[in-house]
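Labels run A, B and C following the written order; every chain starts at residue 1.
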């Protein structure tokens, strides 16, 4: 395992047989930057190579999972050529592919909420434990953006179109119970105990047949892998364009000014 | 927007940012004819081209959504060559492709029931609002027919095989709550208020980021589009054959004579 | 219909329009052997060819559906070359393809439990009736094995990844209500009455339009068939390897010695 420092934006710590990766920008609700993806990829590679690591838990510091891409840093991307925007999105996609097709089980532990790319990261996990009162939202549309990180691929594959469309078109905070009923969230636990339950599941998996688990994950992911990767490319293309749109400029400005976006002035 | 007359079999009316298409044969529970498909396609093209239209609502006159293909007109098709039957089914499929892959959100507002091709039209919508006590049924099998309009593609994609098979093999009226639990129906509302709720959702979407919504719809529909269109062709082929079968003759005769069909005499 | 003898490991009996295939090794909870697959294939071929058979019910003797592959006979496979192990798995896969793509509806009637390959057989049915208190478990991982018989294909297609992963990675006994909520189980009935309810559904289907039913099944199965068969091959490959693994040796030894397997000694 690669060691991490307490001030890093991602922490990697070993808890028994489980590698815990903690998104660690609690003052920003663990908003994601390109540096986050690069660092997580490095820790994940180390965890996957380490025979002492049976599985991986993904969580966030400060009782919140992840608010998604940092809108303030996204704002600056409008000035970049589309291809450079796409190259930055690819860093997220490299991470999502590693998580989703990991040969070791990945467990997301959600406190508070998982929004935007934070939701896409959670969807890439094999198991999701979520705290009572937490939410998952595909909030992209509220900032004039489109899902990336495989979020649209996951919704289109896992859920009937109407539920997927509601989640993605409105970007609202669906109660976690709706995701549990659908089979996307495995456990709802008391607030504050998501990480503990995730570690218990990790311990239970670690005591099981690990080679079987790796083969099972390859069987469950295999048939869909090619389609998933194609969809990541479609997301990248549309998100790179959206980042330069008038809608995104308005959505991000409204976020900064803490007001509701006035998209309808742009329509028609 | 193209204007419509109050006696047309389809009405197109603008309500704020939303184009409302109303199936308008209330004495026949809005049964579908080839002319319905052609007229709806024309209105849809106009609505998609009109920048003043943010989204589309699909509903039925007389507190009923749609009873499906008009069995009395289907009866005459047995006399046609199979290729001509298929050409008529293609008119429905042209409409379904326009609805399902529309760049503007489509909302179905169901009062009463959606049966046969009426169910397939509802499934092609991005969001479904349904009144308490309404139902969705794939009633084709009761007339010795097979699903068309993408109904089988939708069921096979959205639901586990056993639930899809129950719906399609028995053709019964599943309570709308079952579809809501599965994620196919987004809202169940008091009887008589489905259109109003659909218009509220339309208003909410219209105030959102419309370019994002179009991109999101293309992402959600994209991976499945080719397979969906292949399935429409398979439905067309099997439905064109079924329309000339002894089972369909018995099923349609029983419908006209208001008696239960006696399929078992045809078996073995 | 081919006649069967009361001592055969599979019984084939006609009940009205329905052919009932009964797994008949009640002292072994109807554990499956290669001979079971060969015999079932023979009975199925006869039932599919017989115009007097409208549909097929699959059940188990002794108030239990099926405990899966006979672990004691699987133990001897480690000594075989991988290609010979794969050839034996192919016998199961021949049966699953016949069941899943049968032109006549197949109904599974579950009492007690369906585990391992028993669960995969149930998933291959078009409709599932299950008794209160029964369970479905993909128990393979507990013996250091991986799903075969299409179990992983079914889970990956029918359910969101997180629910599928929980079922396959832990191998636990999910309550039957969870499968009913997801749409995998059609009816939960009082203990002891699963077969009777399955026969009632068979009778109802037999009175319906059988040609329509065959066409509907081909539409529901068609789009997924190629991917399903590819997945069977992937399962066969990984299961053939797993049968010779240290994990399987430990898992099967533990089963024989009625103790918990100690997989963690093998890890790291």
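Please note the rule applied: a contact is a pair of C-beta atoms (placed from the backbone, for glycine too) under 8 Å apart; a residue touches a chain by one contact, two chains touch by 3 or more.
Every value quoted in this text rests on a predicted model; they were computed, and no experiment measured them.
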item: Chains contacting each of subunit A and subunit B, listed by label; value: C
item: Fraction-based call for subunit C against subunit B, same above half, different below; value: different
item: Geometric centre distance via CA averages, subunit C-subunit B, whole Å; value: 35
item: For subunit A, residues contacting two or more additional chains; value: 157, 159, 181-182
item: Interface residues, subunit C side, partner subunit A - complex; value: 140-147, 152-153, 155-157, 159-166, 168-171, 181-182, 227, 230-231, 234-235, 238, 241-242, 245, 247, 250-251, 261, 263-264, 266-268
item: Sites on subunit C touched by subunit B in the complex; value: 17, 51-52, 54, 105, 125-128, 154, 157-159, 181-186, 204-213, 215-224
